[in-house]
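What follows is a pair of complexes built around chain A, which joins chain B in one and chain C in the other.
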Partner chain A sequence: MATAALSSRFDGLRFAGVAILSLVALAWSTPLLWMAIASFRPQSFGGLDMASLAPNFRPTLANYVEALDSADFAGLYLNTAIVCLGILAVQLVTITLAGYAFARLEFRGRTLFFYAFLLQLMLVPPILIVPNLVTITRLGLYDHLVAVMAPYFASAFGVFLMRQTFRTIPRDFEEAAAVEGAAWWQVVIHVLAPLARPGLVAFSIVSVVAHWNEFLWPLMVISSTENQTLTIGLASFTRGAESASQWGVIAAGTFLVAAPLLTAFALFQRQFVNSFLFSGVK
Partner chain B sequence: MAIATASDDVFVEEERPTARVLGRRHDRLALALIAPSLLFLVVFTYWPIAQVVLQALTIETFGSKTVEHGFGNFARLFADASFGRAVTNNLIYAAGTIVPSIGLALALAVGLRESTRFNALLRTVVFFPVLLPLVAAASLFLFVFLPGIGLLDHHLGRLGFHQTNWLGDPDVALWSLIGLTVWKNAAYYMLFFIAGLQAIPDDLYEAARLEGASATQRFARVTLPLLGPTLAFVLVVALVNVVTQVDHVVVLTKGGPSDSTNLVLYYIYQQAHENYDTGKAAAATVASLTALVALSVLSLRTLERAVHYEA
Partner chain C sequence: MHPLTKVASATAFALALGLGSAQAATEIEMFFPVPVEGKLAKEMQSLMERFNAAHPDIKAKAVYTGSYDETNLKTHAAIKAGRPPAAVIMSANFVLEYQIADEIQPLDPLIAADGKTSDAFMDQFWPALHGNARFAGKVWGVPFHNSTPLLYFNTDHFKEVGLDPKNPPKTWAEWSDAAKKLTKREGDKTTRWGLMLPSNYDYLGWVMTALDMSNGGQYYNSEYGGEVYYDQPSMRGALTFVDNLIHRDKVMPEGETDGKAVSTAFFAGQTSMVVLSTGSLSFIRENMKSGYGVAFVPSNIRNAVAIGGASLIMPKGLSDEQRKASWELIKWLTSPAVSGGWSRFTGYFAPNKAAYDLPEMKEFLAKNPDAQVAVDQLAYARSWFATYSTVAVRKALEDEVQAVLSGKKKPLEALKAAQAKAEEIMAPYVAATAMNLPK
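Take a look at the complex of A and B:
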């Protein structure tokens, strides 16, 4: 009797918990839900009911057509992809080499260098936009995509991540390779890098997400339209559509910008989550 | 997100005996390996820091070739009411975003800790905003905050609320940005809390339950203390976010109305990019660098304590 009452009370609590969580999740998803619905809503549908979440209309692609018309999305995607992959390609080399040095080699000034790297974790590039803009201009890189990438080519965060990852790999593999007469770089490329794949993948996901979404720095160093990245393009596109109150078009444009990452996340959810966790808690 | 990795590394640094066994030093090889990273760090971190400090101390007078050195830029900066406002706003913004995001993240993590199908679905739903570029989130929220017919007003209106000028009212605008930031970041922090919770052994809860601890007591005495390191880490990440992310200010308010949403980094951007006042921009950069260094020293201490607590 008592246990039955207890368990029904427990069920009640549980039910309330699930209900509250579902409500929170529903409220959380409303803006994105609206984005999806509004992007397919016909423009003539009327401004007053624009906030409605009911898909009570015949879906149309007109908003997407208009969005794709008013900004060069192909160019924006391409530039953003170049920036993200360019940063990542250089980073993977720099962090693997430095990570290896800090994980495996004994050398003079190791601790000092280690702390020198540590500094970049706190004094992150976004804070240094003003002096970095001066440097970029002096190097003659202003309004080049390289300018967007350059401050991120070295990643203290990535170096630590790789150092950590290399340290979890038993030395036996390298020692076996060394006995076979492999040089250090052969060991790194053929033995350590493949074993460190989880670390490299985690870093890659975090890096691409961060730079896909970056805004302020590209805004400062890019001036011509053909060198804009997605976020910059979206911001100026939004300004135009906002003054015309084309909310459906903004929704469509936003969706176009966010879609690649959201799709990637939906497909490789576990990998994404693990990467974010790996980058922090390890 | 990087800070915990580094710091716990520094403080839990232990020499692997094998490094000794190999014996030889590899000075040259090691230098060559860290050289590429070091080159970019020098060009885009150390050099700019030195330069910005120098620039902050350099006073150029318009129309005169002579350059003086001194604290004039700082004097002008601190005399600027807009800067004061930006600092105050940033403090409010910090408290206003961090406390609710962490509270919410913790609540969601406790609620969604078990990996059932349903929970996985809810986690995915709340996690989507994290992957959205802040600019895209801001674009969406242009409509969410639109007075009268926007998402908020439309639906609140049906519940009988009056309409609010979310971005146009100086008393409300900063809180609107705070709301957007909480919406965007809470689930990111939730992720770390879920991982932290899953790392707590079940026997501890079992033992607490056997001793008759209530759910609240178990949360306060077992969960919270053991989440210490995670909490410290999330706090640092959240603080860094508060200082480095102003994309939504650019898109939604441009610091207005009447400076009510100006944040320090946006103020720096304004001075450099719109007013071409490099002296003031440099002085403001030095001020935030100082704050960040102080913050990191403080947070490293906290993290260190947290990590030791765990060990």
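Take a look at the complex of A and C:
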């Protein structure tokens, strides 16, 4: 009796939980849903239907045709992919090594250096635009894709994340490897990095999403159309300060920009969620 | 000729050729923002191709740089980083800041090198545009595309409530009467507003300038970048007028309305009158389903609005070749034919007066008389406010006006606060200029 009552109350709670989560999920997905619907809506200003979520029209691809015609999307995709993967490749090396140093190596001022490193997280990126641009120009990298990537090669957040991840790994593994005669770099590559995989995956997702969506820095440092990234290409035909917006074209363009990330998420959903759970990144 | 001499001269000739082709084209970059809807970025690229084809010794590249504000940021950053672009299409009221910061060069020497006087050069452009381009005794910018605020109204709605679409409101009294007649209510709910004004940052400041100037005001000291007149009677009247339309007459929605929401509401017939830029004209012409008309912004004391739009400026730190090439580009972009074509494509009016003498422009205006209204209003247009730290000083007013629009503050207290904030922002400049007195 008592257990039955308890379990039915538990079911009730469970149901309420699912209902609340569904509402939250709906609220979060509404913009995406609206974007998808608006991108297939014929251009019209006959009423308020632009804001409606109900697809009460004959779908059209005209918005996509116009968006694709407005910018060289193939080039934009390629540049954005190069930038995101380039940054990530370097970052994975730097954050693993720096994370290892802060987690395992004993040296004077370790804590101080680490906190100094963390201070970077407090800086608002726009205040670094001018100094970074000066450095990039002196290096002769202005208007190169490398210039878009360079400021991000070292990531304070990534170093912090890897240091914390390494510290959760028992030293026994390393000691066993050391007994076998492994050098420190072999320990990092063969022991620590594989064990820290969830942390690395979580960081990769955050990094790729952030740089995929980045607008201001690429806009500052890139001048040639052929070196533009997706966000700038999108902005060049969807932003207008002094007139009404062609919401359909904006929605189609935004969809094209977001599509690769959405697809990747759909494909690797389980892995993404798992690594966030493991690494404690929310 | 001695064989050796022959070889030598051949080598010299080849070298000359080689050097010649290396120097053949001066490469220059121009930064440009995209201020209105449509494929302007593409149109700008094709303009560059035409320019380069006509000038084989120059290779100009147009660089898209975001909004007016982002273009401003990128230009300052590029100048500081030692990579100044050869030319920038810059919001006309930011030019003063570049002159104050000593980052752009006066164009008078280049004008003089063409054998023209600065007066004759500026005389090509509408007088209303001179204030933002030529100040402190020199020419700093060349007007590229410009706008003024216009009153757009739905002619179907006008007929429906017995107003004459041929005779739109000219005074504030007529304007507020029309707004009252046009507003439709069902119980407590308003189904159609009489009037909507854009009140997002930047647009709001521009609309308030227009209302203040129509009420006899100056808004700012056009001769000196350290003074604004936010708490004067002309501005108090203008803001009280708006406050009354919202909170007393209830013919305008409360709170902040984005410029895009205003035009969308106008298309949807949810508002009968709006104030928007001439830059919206092409877009409204193409998309408005019901009949519409355009008119001057109504006046209380006099007809007056501020210009908007952008000018071409030339940063310091360019080589002689770049300077010359940039000047060629600036002259070409502001020539009657190019200026006129860009105007028809965008909806902006052409700054170059001669553009309106060209047959294709005459034909266009005959077909689109609404574009003529924008040109006619130019006779009453004035300079756009430009001060030390223009954006912050403008925001000081906008934040307070938004508080009035949402019913949180009364006009007088809001304007006093705006004035105090603006003076605080301009204080360093004032201390270094007007209050920098003999010790």
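Definition applied: the second predicted complex is superposed on the first by the 205 of 282 C-alpha atoms of A that agree within 3 Å, B and C clash if a C-alpha of one lies under 4 Å from a C-alpha of the other, contacts with A are read in each partner's own complex, and residues count from 1 in each chain.
Everything that follows uses one rule, which is that contacts are C-beta pairs under 8 Å (C-beta built on N, C-alpha and C of every residue); 3 or more make two chains touch, one makes a residue touch a chain.
Predicted model, so just to flag it, every value in this text is computed and none were measured.
A.B. asks: After the superposition on A, what does A:128 contact: first (chain B), second (chain C), both or neither?
C.D. replies: Once the two structures are laid over each other on A, A:128 reaches chain B alone.
A.B. asks: Between chain B (first) and chain C (second), which does A:235 come into contact with in this model arrangement: first, second, both, or neither?
C.D. replies: In the superposed model, A:235 contacts both chain B and chain C.
A.B. asks: Check whether chain B or chain C contacts more residues of chain A in the superposed model.
C.D. replies: The partner making contact with more of chain A's residues is B.
A.B. asks: For A:225, select first, second, both or neither according to whether it touches chain B, chain C, the two together, or no partner.
C.D. replies: It touches chain C, and chain B stays clear.
A.B. asks: Would you check which partner chain A:216 touches, where first means chain B only, second means chain C only, and both and neither mean what they say?
C.D. replies: Both partners, chain B and chain C.
A.B. asks: Is A:57 contacted by the first partner chain B, the second partner chain C, both or neither?
C.D. replies: A:57: touches no partner chain.
A.B. asks: For A:268, select first, second, both or neither according to whether it touches chain B, chain C, the two together, or no partner.
C.D. replies: A:268 contacts neither chain B nor chain C.
A.B. asks: Touching A:77 in the superposition: chain B (first), chain C (second), both, neither?
C.D. replies: A:77 contacts neither chain B nor chain C.
A.B. asks: Going by the contact rule set out at the top, does A:137 touch chain B (first), chain C (second), both, or neither?
C.D. replies: A:137 sits against chain C, while chain B stays out of touch.
A.B. asks: What part of chain A is shared between its chain B contacts and its chain C contacts?
C.D. replies: On chain A, the residues that contact chain B in one structure and chain C in the other are 47-48, 50, 129-130, 133-134, 215-216, 219-220, 235, 242.
A.B. asks: Would you mind writing out the residues of chain A in touch with chain B in their complex?
C.D. replies: Against chain B, chain A makes touches at 17-18, 20-22, 24-25, 28-32, 34-35, 38, 47-48, 50-52, 93-95, 97-98, 100-102, 104-108, 110, 113-135, 150-151, 153-157, 159-161, 163-164, 167, 171, 184, 206, 209, 212-216, 219-220, 230-231, 234-235, 238, 242, 247, 250-251, 253-254, 257-258, 261-262, 265-266, 269, 272-273, 276-277, 279-282.
A.B. asks: Quick check: in the complex, which residue numbers of chain B touch chain A?
C.D. replies: It comes out as residues 1-6, 9-10, 16, 18-20, 22, 24-27, 29-31, 33-34, 36-41, 43-49, 51-52, 55, 108, 111-112, 118, 122, 124-129, 131-137, 139-144, 146, 149-151, 153-155, 183, 187-188, 191-192, 195-196, 230, 233, 237, 240, 243-247, 250-251, 265, 268-269, 272-273, 278, 281-282, 285, 288-289, 292-293, 295-296.
A.B. asks: Spell out the part of chain C that touches chain A in their complex, as residue ranges.
C.D. replies: Listed in rising order, the residues are 29, 34-42, 45, 61, 63-68, 70, 73-74, 76-78, 80-83, 147, 202-203, 259-260, 263-264, 267-270, 276-277, 279-280, 283-284, 287-289, 308, 347.
A.B. asks: Contact residues on chain A for chain C in the complex?
C.D. replies: Going by the criterion above, the answer is residues 43, 45-48, 50, 70, 129-130, 133-134, 136-137, 142, 215-216, 219-220, 223-225, 228, 232, 235-237, 239-246.
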